[in-house]
Each structure stands twice: as C-alpha cells, then as structure tokens.
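Here it is: the structure, laid out below.
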Amino acid sequence: MEQSLLDVRNLHLYYATRKGVVKAVDDISLSLKRGETVAVVGESGCGKTSTARAIIRLLPRNVHLYRGSIILDGKNIMELDDERFRKDVRWKKISMVFQGAMNSLNPILKAGYQVAEPLMIHENMSKVEALKRAGEALRMVGIHESFIDRYPFELSGGMKQRVVIAMALITRPQIIILDEPTSALDVITQANIMNLLKKLKNELELSYIFITHDIALSSELADKVAVMYAGEIVEMADAETFYVKPSHPYAEKLMASVPTLRTDKQLDFIPGAPPSLIYPPPGCRFHPRCPYAFDKCMKERPTAVDLGSGHYVKCWLYA
Amino acid sequence: MSEGEMILTVEDLRKFFELRKGLFSKPVYVKAVDGVTFTLKKGESISLVGESGSGKTTLGKTILRLYEPTKGKIIFKDKDVTHLSSESLMWYRRETSLIQQDPYGALPSFLPIRRIIEEPLIIHKIGDKSERLKRVYDALSAVRLTPVEDFASKYPHMLSGGQLQRVAIARALVLEPELVIADEPVSMLDASVRIETLTLLRNLQETRKISFIYITHDLATTKYFSERLFIMYAGKILESGNIRDVIMKPLHPYTQALIKAIPDPDPENRKVLRDVPPGEPPNLIHPPSGCRFHPRCPYVMDICRVEEPPIVEREKEGFVACWLHAKH
Amino acid sequence: MAGSKKGFIKFVVKRVVTVYIIVMVAVYLTIIIANMGGYVDEIMKGQLMLQIRMQLKGNPEYSTLPPAELEKIAQGIYEEELKRRGLDQPFFIRSFVYMKDALTLDLGRALYMTSEGGSRLVKLIILERLPYTVMLFTTAMLINFTLHLVIGLYLSRRHGSKIDKLFIALAPTSIIPGWFYGIFLILIFAAYLRVLPYGGILDVPPPTDPIARTLNILEHMVLPLSSWIIAAFFLGCYGRRTFFLIFSTEDYVEAAKAKGVPSRRLTTQYILRPTLPPIITGFALSLIGSWSGAIITETVFNWPGLGLIAYQAIGAFDTPVILGFTVIYAYLLAATVVILDILYGLVDPRIKVMYGR
Amino acid sequence: MGAEGMELGFKGVLKELLAYKSGALGVVILVFLVALSIYTVVAIPYDKAIKLWRGEEEVWIENPRNAQPIWVKYWEYLRGRNLPETIKRDTSDSKQYGVYKSLRAIPGTNLKRLYIEFSFKYEYDDFPSEINIFFSSKFNESAPILRIAWEKPGGNKIELLDFIPRDKYDRLYLSIEHDVLKVLRSYVEEKLYALGKNPEVPLSVEKALFAVEDESMSSSLTVKPLKGTYKLIIEGLLFGKDSDVDARLIIYGKVYGMCGTDHLRRDLTIAMLWGLPIALSFGLIASLTITFLQLIIATISGYYGGWIDALIQRLTELYMILPFLPFLIMIAAFYKLDIWVILAAIIILNIFGGGIKSTRALVMQIKEYPYIEAARAYGASSKRIVLLYIIPKILPPVIPGLIGAVPGYVFLEAALSLLGLGDPFLPTWGKVINDSYRWGALYKGYYYWVLQPSFMLILTAFAFAFIGFALDKIVNPKLREI
C-alpha cells in the first residue's frame, strides 16, 4: 500500500466557552496520499472548519483540549513547538485557503506583496525576487502580473479568490487546505475557480483537504469523502463509492436532500436540527434524527466499521 | 396551465440607486434593475434566478415597494401601485409579503415568537387580543411548529435556523397575503433542512393559492418549487419560460453557462473541466453597451456590442433576449 | 484621475467652509454666554457711571455746582465714554462686531487681567500661558499614548496571562479622573513625604541658572504628569489590548498567522497598521481636548497654564479673555478636524489610489 | 450584535452580573450606598441637613474645630496614644458629675457670693484643642464680677483672670484671651526658672494649662500633658437679688464623631452622608438623561437621514468644538447656579456630545437588518420601527456605557465644587474637598478632611465602574471571550 502523506489520528479539539466545552473536533482520523483530495463534508457547525484549523494549528484562544497525532511525511508535527511549527509546517508543508477570501487579504497591503510574503518569510528571498515569483504565481491562477501592485479593494471577488489561491501555492506546499473556497462566489465564478483548482492539482500534484457543506460541489475535487456530523467523521469512502451510494444514514439522507439539475429524483430531508456540540446526544450522535435508529444507537457510541478498501462507517447498522 | 387571472403585472420597471463612489466625487447611479417586464398569474409560482448583483433582490423589493421605483409600472390586482401614497400602501402591504434570506436577522431578537407573529396583525388592527392569539397559533401550526404554545413563548435565540425560518414564514402568511416574494428563503439553512422548508412553503402556496415569486441563485431547486423561470443578469431578464423547457433547452448563452456551471454529485466531475465563460458579472454603474453579457459571451457578434438584443419568443412560453435567436 | 483631484479639492473646500461656519456659531455662542446676553455690559455701564460720579464729586472744581448741573456733566462724559468704548450700540449689533474681531484673531484687551509682563493684550496673555499647558499635557498625552500602545500590544499577545488579568482587574481604576489622583499625589509626595513641590511651575524665588531652572520646572511637572499617567494607565492599556484582540480575530490576521508570519511582523503589518487611522484620530482629538480639559488639574496643581487662565478669567468676568480662549481653542480643534479628514484621505490606500491612478 | 441583554431579561442580566466577581462586588457596594442614602434622607431630612450645614458657629459651638474623626482615636489608641475627647461641664445640669455650684447671699448686703467648681479627670496623651466658658447670667443692676482660677492635679493653682460678662449671655474664649496668655506665660517662665531652664517657644493656653511642670515645658514641641484631675474654679460677686450666673465649661477634644469636624466646627458626618444621595442622584440623572436624549437623537439621525441627519451631524461638530469644561465653568460662575441648574447645564452641553456618533453608526447598521425590512414590508410605521424595533436593539449595548458614565458626572460635580462653583447650600463631597483645600488641609495635615470625601467618591465610582465593566461583557459577547 502506498505511504500516506498525511495521517491524522485521534485528533481532538475542544474549546471552552461560558456555556460549556464545545467538542468541535472529537476523535477524528483521516489520511491523505500524495496528489489525493479528501473532501470533508458536513453541515454548518459540525466541526469541519475546526478540523482544518486543528491541522494547521490555528487554534481559538479558549482551547480546552488539543490532542491526537498528525503525521506528515512520517513525522508527528503535533510534537513541534509553536515556533518550529510556524517555520517548518505553515505554508512550507501545509497552506490554506480561507473561507471568505474577501477578508483574508490585508486591506492595506498590495496583493503582490501578500502573495510574495511567504517566500520572504520562509525562504529568505529578497523582496524583488519574491515579487517576481508572485507575478508568476498570479499568472498561473489566471491574473495578469501587473495586478501585483493592486490593493485588495481594487479586485473583484473572483480575483481575490485567485490571489488567495496564488498565495497558498507560492511556497509549493504538499497540502493545501481549502476551507469553503467558493462559498461567497457566484456559480459561474465558482465553476471557474473549481476548474483552476483541478488544473493546479493535476499540474502540481497537489493534495487538497477540501472543506465544504455542498455535496454536489465536493464531487468536483474529491477522490475521497469524509462526512462529518457533530464533531465526528461518520463515514469515509472513495468518491466512486460515496456518490453512488453513501452508507451512513446521515450521508444517505444528506445526499437525498441534494436537488439535482439533470436528473429527476425524489427529494428527501432530515427532520430536526444538528445537535449542540456542547451536549451532544448520547450513543450515536445522529440517533435522534435517524430513521433506522434502534435501542443500541441511543446508548452506545458506534465505532468505525471497515467495509473494505478504505471505506469506514460509524453506524450500528453495519456492525 | 390554464389562463388564470393576472395578479401582478410589471412593466419596464427600473430601479437606480444613487451612489457616491468616493468621498469626493459626484454621485453615480447603480442600475440595479433596468427595464424588467413580466406578469404573474393568481396562484402561480415563478422563480427568479440570478447571481449576486443581478438585481433579483432589488427587483423583489421594488415590487413590494420597499424601494421607490425609478421608472416603470407595477400593477397589482388591476391597481397601479407604483406610486401609492402611505395610506393605500397599507392595503398593499397587507396583500403582499416578504420572506427573507437570513432567518437569524429576520426576527427581532428581543420579542417572543408570539409577539413577532402578532406584530403585523397589530399594525393592521386586526381582531382583538384573543382573536389575534388564535391566528398566531394557527399560523404556527400551519408551519408545523408544534406544540404551538411552547413555541409562542420562546425567543428567537432558542430556535434553530430552520425553525426560525418557519417562524418567518408564519409571520409572512399571518395576514393571508395574495402575493409572497421569497428572497433566497433557504440559502442560509443547513442542507438537511432546506428541502423541508421549501416543501412546506410549496404546500402552503398551493393550498392557499398564493402567488409566489421565488428568488434564488440555486437553479437546481427551482424546478421542484415553481412553474416558470426567469433568468436575470445585470439588471435585465435574459430568458424566461417553463422551467423544464429552459433547463432542458436553454437558449441564452448565459443560461447555458449557468446550467453548465452547476454540478450534480457525481464522481466523474473531478475528471473534467466545466465549460464556462471566464469573467465576472459587470459593474452596474457603467454596464456594458449592447447586450450586457457580451463581454463574457462565447458567441459574441459585433451587433451584440452595440445594440440591445431583441426579445424573441420561445416556442411554447417565455422569451429569450439574444441576437443569436433574432429572426432576421 | 484628474476628476478626483478636483473632487478632492472641492471636498477640502467644502469641509473647511462647513467647519468654519461651525466655528463661527461656536464663537457667537460664547459671546452671548460670556456677556450674559449683554448683561455684562450693564454691569460695566453701571460701574462706569459710578466711577464718573465719584470723580466729579472728588473734583473740587465741580464742588460748587448744583446737583442737577453735575448730573448733566456726568451724563455728558458718560455718553462720550460709551461712544469711545463702542458701548452705545445695541448689544445685538456689537455681538457681531465682537464676533468679527474674534474670528480675525483681533482679540483686543483684557478688562482686568494682565500678562506677566503687565500687558493687557489678550493675545499676549493667552500666548504666554499656552506653552505651559502644551508642555505639561502634550507630554502627558504622548507618554500615555506610547505606554498604552506598547503595553496594549504586549498584553494582547499575552492574552489570558496573569499580567493580562491584572490589567483587566485594575482597568476600573481609571474611572477616577487625573486631578483626583493629583490630590493624593500631593498628599503623599508633597504633604507627607515632602519630596516634591505642592504645585506651581517654579520655586519662589525661581533659580536663575538655566539648567537649575529647567530641572526645577521638571521637578514641578512630576506630580501633575504622574496624575494623568496613573489615571489613564490601566484602562488605556486594557482598551488598546481589547482593540487589538478584536482586530486580531480578523480573517486576514488569521490567514497571515497561518502563512507563518512571525509575531512581530504580524503585530506591525497586520494588526497595527490597518488600525492606525482611528488610533491617530482619537489621539489628535484628545490632545487638543486636553488643553481645555486641564482646568481642574491646573487648578489643583496651581499650574499657570491656559486652563488656569480661563478659570481666572471666568472668575473675574473678563469676557475678552474668555472669548479669546474659546476662539483659539475652536480654531485649533477645527483645524485638527479638517487636517485629520484630509490625512485620512491620504493615509487610506483606498483613497490614495483614487488620486494615484 | 449585542441584543443579548434584552433576551436575558432583567433577572437574567442580574444573574450574569453576579457571576462576575467584580460585578457582584459592584452590586453589593451599590446596594449598600443606596441603603445608606435612603437612611440619610430619612434620618436627616433635607431641611434639617441644610440648616445644620448652614448653621455655622451657633449650631456647632460645642464641637472642636478641625477635630479628627473617632476612628483616628481608635487607631492612635492601638499605638498607645489616647487622643482627647471633648469634656463638658455645665452648672445648669445638676445631675452632672464634677460640678459644684453654690450661691449665697452675703447677709446685710445686696450681694451674693458665687462659687463654682468644675472638676474633671484628664487621662489623655494630647492637649485639648481649645477651652471656652459660656456664661448665662441674670442681673439687673450691674454685671457680676467673676474670678477664674485653674487648679492642676497636685494642687498648683493659677489665677487666670477676672471676667465681667457684658451681656446676659457671654462667652470666654480662654484659648485666645490675651490676659490669660500673659498670666500663663509668666507662670510657666517662673516654673522654668525655678528648674534652671529658659523658655524657648512660648506655650499656647491649652498647653500651659495642661503641661507637666518640668523641663519639657520649655518648648511646645516637648511639652507633655499632665494626667489627673483638674479643677476650674469660678468665684464671683453678684449684685442684686435675682442675680444668678450659670457657667458651662468646654474643653474641646481633638476627635469628634464618625467623620470629624471642619474649620467651622461642622460635623462632617452630615456632609459625608448627604453627599451620597446628592452624588447618586446627580450622577444617575445626568447619565440617564444624557444617554437617552443622545439615544433618541442618534436614532432619529441615523434612521431618517437626509437634512435632519446633516443638521444633527453639524450640531455634534459644533459641540466638539465648544470647550465643554470652560463653558460649564463659565455658566456656573456667571449665573450663580444651584446644583440642579448645573445639572441641566451639563445635560444641555452634552446632548449633542460624543455618544451620538457611535450610536448613530449602530443605528445605521441596525437599520439594514432584515427584521427592519420585514417590518416595513408588513406595514410598520417609521415611528413604530424607531421606538419598537430599533431602540430596544440599541439599548443593551448602551446601558453599560450609561452605568459607566455615572462616576464621570459625580466627579464633574466634585470638580466644580472644588473650583468653588458648586451648589452654595448643599453639603457635597466636592464642597468638603474644596473647603479642605482652601483651608490648607494638605499643609496642616488634616488628612481625614480630604480622605473621607475622597473615599466616598471612590467607593461610589467603583461601584458603578465594576457594574459597568461587567455589564459590558455580558452585553457584548465579543468582549466576553477575550
């Protein structure tokens, strides 16, 4: 079997609020091979973004528990101290495209400078050289080089998104985390950005962790899908398996609730609302909304069941 | 579909916003809605689809007279409501209703649900206290927020997004309006409750014979919830028609692009690139001359850059505004 | 864009005109209030008449005249004197003359007060005191500004630490105004420990040697300066810290952190720079504000600045001095407002670019 | 956006408030202060308080001047020093211990012989501050002649002076009586010469009367009070049948009451207590009125926009340019105002103040909220939207500011009083500080005079500050986590 590039094991990220401890990421494991994309899919508040931030160690101030192991290229990066992590991992190995690219650019710094900055920080490159490289990166994402001198407010939404992607690419990291990279964009612009991401992935052999709430969109990039619910990954499967027939009741229902344009399928929905991450339901966290729930689901937390070829489901139906 | 009674006619409606571009420059105008014409039959549900900035929201709010129309006519139930003054406007307000996108912001956080739904009744001086309470309870049970007494005494922050949106729907329907405009009513909800909410809306619309304008950017949902489709781009309607016809056989290059851009969940997606035009919607202060889509159109011709496209009738129903289909 | 350049000039002109009109209104209001709507004139007229009668009575030349005749002469001198002082016009008209004079900085002569050199020119009286106020309070504001900024940044980086919690806990101490702390400082350092002077700016008699003189002034500055620094310290640092903390949750700061931007650079480029304009504005306005708000501190410490002069002028009903004070203050603030408006335009790249390209 | 306070309701907010240590402390202090001010207003009604405070010498004549508060005595007691309290002896009070009076007619004459002996034990470690004798005499022919003598413990007797009351009521201020001083000086000198010492600094009357008669008498720095029983003897000759003389001796101590006295012998307790309701009501009224007026103006400005907005904006700029404090001082000085007119002036000078800008920005933001749009869609009038939909929403973020601003106004009043521009009648803390300042409390070491009103001011300020800070966190969720 091919060696994993990234191996996340038993990752936990809890944070404390006045109302209680939010179990945003609760014992998550996933792995990623070189050139592969894993899509992390789930509804708002299920812990997707926290997962991304836990991997790149951008933790909220009120962290309560941060535990597990993240093995990158055979090295556990959880063990690095903050300064080493900043120097060795951030942007060198893993970069990130943030949700709402509009706001992830500093309003008073020129776009080119912001794209070039990681080179100056991590590779001690001169400003001139770095800006030259930034120009190339911009061209690669489909923006004219002359835009290095523009301020963010002079760019359209789509262009900002491209700048942010160029920024994520500039140090040629092995992994790029894409956190809802197109959620604020129009459908056609979104399609353009997805095209760009696909091209870059193939050309540069990038690995993505693609975080999205949109199952249909996830299929644009995903080689592998991880479905999150209430801080847990409830199903992990190859794209071929997943989009044809998801196994976990939640994934199944979620898929059924996606309206399709080209086919006429019967739409379905999940009654109720996602649970609070402070007091998640006992047993299987999905049981209050699950049509197949039985006694055991209410009492015992299901463990991951291996359905073969990297397909895991956390559900008592398969145990 | 039978020829029903017209409830709403919109003629050449325009809405321009005055805008100061910088602190120091002269005001300029954003032509958010620029000449829109359509009709709506009683009990009919239509979808208005466009990207952000296409003017679809402005159109909806202008029809509801939340914005003063710059030009054009709005005729509702054979009455010209374009410039109604405040007193008769109250009548129009009672007959029409708005459902908004953001369920968290749509309800005043400091009032209990009961009072929130009662507000329109109080304002329109309907019934006494007990009668109003009954109508509030009826409205809550219509949106399936039961037990109604429990929900009535709660505050918005105690409800989930889906529940809040149902409260908003209950409030929108409590005056029994004839025309409801729903502006992206589910786009901020979780995927799992979207369909539930839309289905509820559709059922209420059908049973109560409400005329309904569904404004959305999500083409995929429209076919489940309405009969006719209008595609808007940069302040204008580019194409209209029966939903299935338009989706199956889009005539306007923009509609085509829109359809191509939307993925269905399919593992094959990742292996292909989508054939969509580059670029982004134009700035509406200085919209492109001629056809507004021409800078992005893969089939652009010289005439598209100069002259506004003609309105060409579609085979069955609706029209397309495009030079490609002009009958020469 | 030439159009924008023109637009900018138009904006500046419009702003200057608006602010000037506001200054005019402010000055006129001062005239009305400081003259008690003309009442001060009545007092002055009464005093004048009394003075004339006394003079006539005391003059042996007139002692033989019958009272009616004497009264007539008195009236004559009185009318003449009124005309000479311009008091014969109704107050309404004179108020506008006053306003014109004030606005053109023709501040006239004080009624009672004099400068150290004995001059009655209001301009001199005020100009003489202004440096004292500026010296003390500008120093205080500068020290405060720097302290709060540096410590605020430090605390925001050490959010949740013991020292951070200490500052949060002590922030309410700043609810007490500087002059109040001043009283305590005097109590401790002047009255009890007797190591620093009670107040004033120089010892009596003042040292003649310039170095000794400077040191003496500095010694007198220690307590008033400390009172302002202590009063603002904890809340100021806490406020800046919170401000920076709120800004450090901006997406672009998080993004920069993810990029691996070192914390020093993160602080300066991503937190400090984008937030600088409102910080500078606040500082500039409070700086000017401190020159008038210092009355009480100056009184407590007997510091011979503008505030004290304003207080003394008010006590003496010396309207020209009061007016002069308000006019200068209004002009200073108005100029600051306009300059800030323009600077804002120049500092903000959004606006800068509009003229650049 | 901070509607949280509203959702929590009053009880909820209070619960949250008490959950913060500082908030709970603030509430406790405030409750105590409010209770104390209610007690004050009930126990010392307004008229009585004013009368007492304005009563000056007549009311307070039996109080020592600038006496320290009783807590200083306790403090000094711990350090082994017993500070003198006021001692009174009165012949008209027959039950009193240490008073002897006899009045006998001299047979065959129209004369009477008077003998009064006041005796008291003096066990203190410091000298009294002052000694006065008050006479009330009955006579129709000529005034009585009184001879006053002093007897120290151990029997040394000093003839002080002969005194003839000029009126029905007359008083003898022994401490400043020139003749007495002369007599005492020569007495002390004599004693010192006998001991072979020279007097360095002449002693004051009290010191001389109470001094231990040894070398220490040579200077007022070394002199020590002699403990034991003292006697003041008044022998008199009265004329006429109905004549009589009553005398009252007061040996003024150095401590008095809870809070001491000021230069006019006034009991500072009155000012300390009455300052409280005045400060509370002044601060609260100023803050409440200004906040709500600004709130309404800002809401109108932000919601309606157009020329109203422009006008209000210009007015706020005008207010920014007007120097607030000099204006206030000018108004207070020129128009000789009482506290409530000053309050009104403060309110007027603040209506268009700084708060408007931020509230207006908030209103502009809320105006765009979907629920406002929804309200317009179902026909809510502008008035309803402003009053029912916008104001309740901006109230929670405004309240902490309101509470936090109270101390500012309390201190402002104190500052005006300090400048001598406060209310001329009311006993306020600022006024006391002003008095203390003017009468050199700092130079003379009457620290309590400054410290007590300061302490009250600080206590009040902190109560509001603590509550304001905690409320800010409750209402502003952003602050809560940081």
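Which chain is which? They are A, B, C and D, in the order written, and residues in each are numbered from 1.
Simple rule for what comes next: contacts are C-beta pairs under 8 Å (C-beta built on N, C-alpha and C of every residue); 3 or more make two chains touch, one makes a residue touch a chain.
All of these numbers come straight from a predicted model, not from anything done at the bench.
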Result of counting contacting C-beta pairs for A-B and A-C, higher pair:
A-B
Per CA centroids, the chain at the heart of the structure shown is C
Using mean CA coordinates as chain centres, what's the gap between chain B and chain C in Å?
56
How far is the middle of chain A from the middle of chain B, if each middle is the mean of its Cα atoms, in Å?
32
Measuring centre to centre with CA averages, how many angstrom lie between chain B and chain D?
70
For chain A, residues that touch 2 or more chains besides their own
61
Residue list for chain C, restricted to those that touch at least two other chains
159
If you look at chain D, which of its residues touch at least two other chains?
482
Show which residues of chain D lie in contact with chain C when the two form their complex.
22, 314, 317-318, 320-327, 329-331, 333-335, 404, 407-408, 411, 414-415, 418-419, 433, 437, 442-443, 445, 447, 450-451, 454, 457-458, 461-462, 464-466, 469, 478-479, 482
Would you pull the chain B residues touching chain D in the complex into a rising list?
61, 64, 66, 89-90, 93-94, 96-98, 100-102, 105-110, 119-120, 123-124, 155, 157, 168, 171-172, 175
If we count contacts the way the header does, which residues on chain C are in touch with chain D in the complex?
18-19, 22-23, 25-26, 29-30, 33-34, 36, 159, 169, 171-172, 175-177, 179-180, 183-184, 186-187, 190-191, 198, 242, 245-246, 285, 292-293, 295-296, 299-300, 307, 310-311, 314-315, 317, 322, 325-326, 329-330, 333-334, 337
Using the touch rule from the top, collect the residues of chain B that touch chain A in their complex.
51-53, 160-163, 190-196, 199, 217-221, 223-224, 247, 257-267, 269-270, 273-274, 276-278, 280-281
Across the complex, what residues on chain A touch chain C?
56, 58, 61, 86-87, 90-92, 95-96, 98-100, 103-109, 117-118, 121-122, 151, 153-154, 164, 167
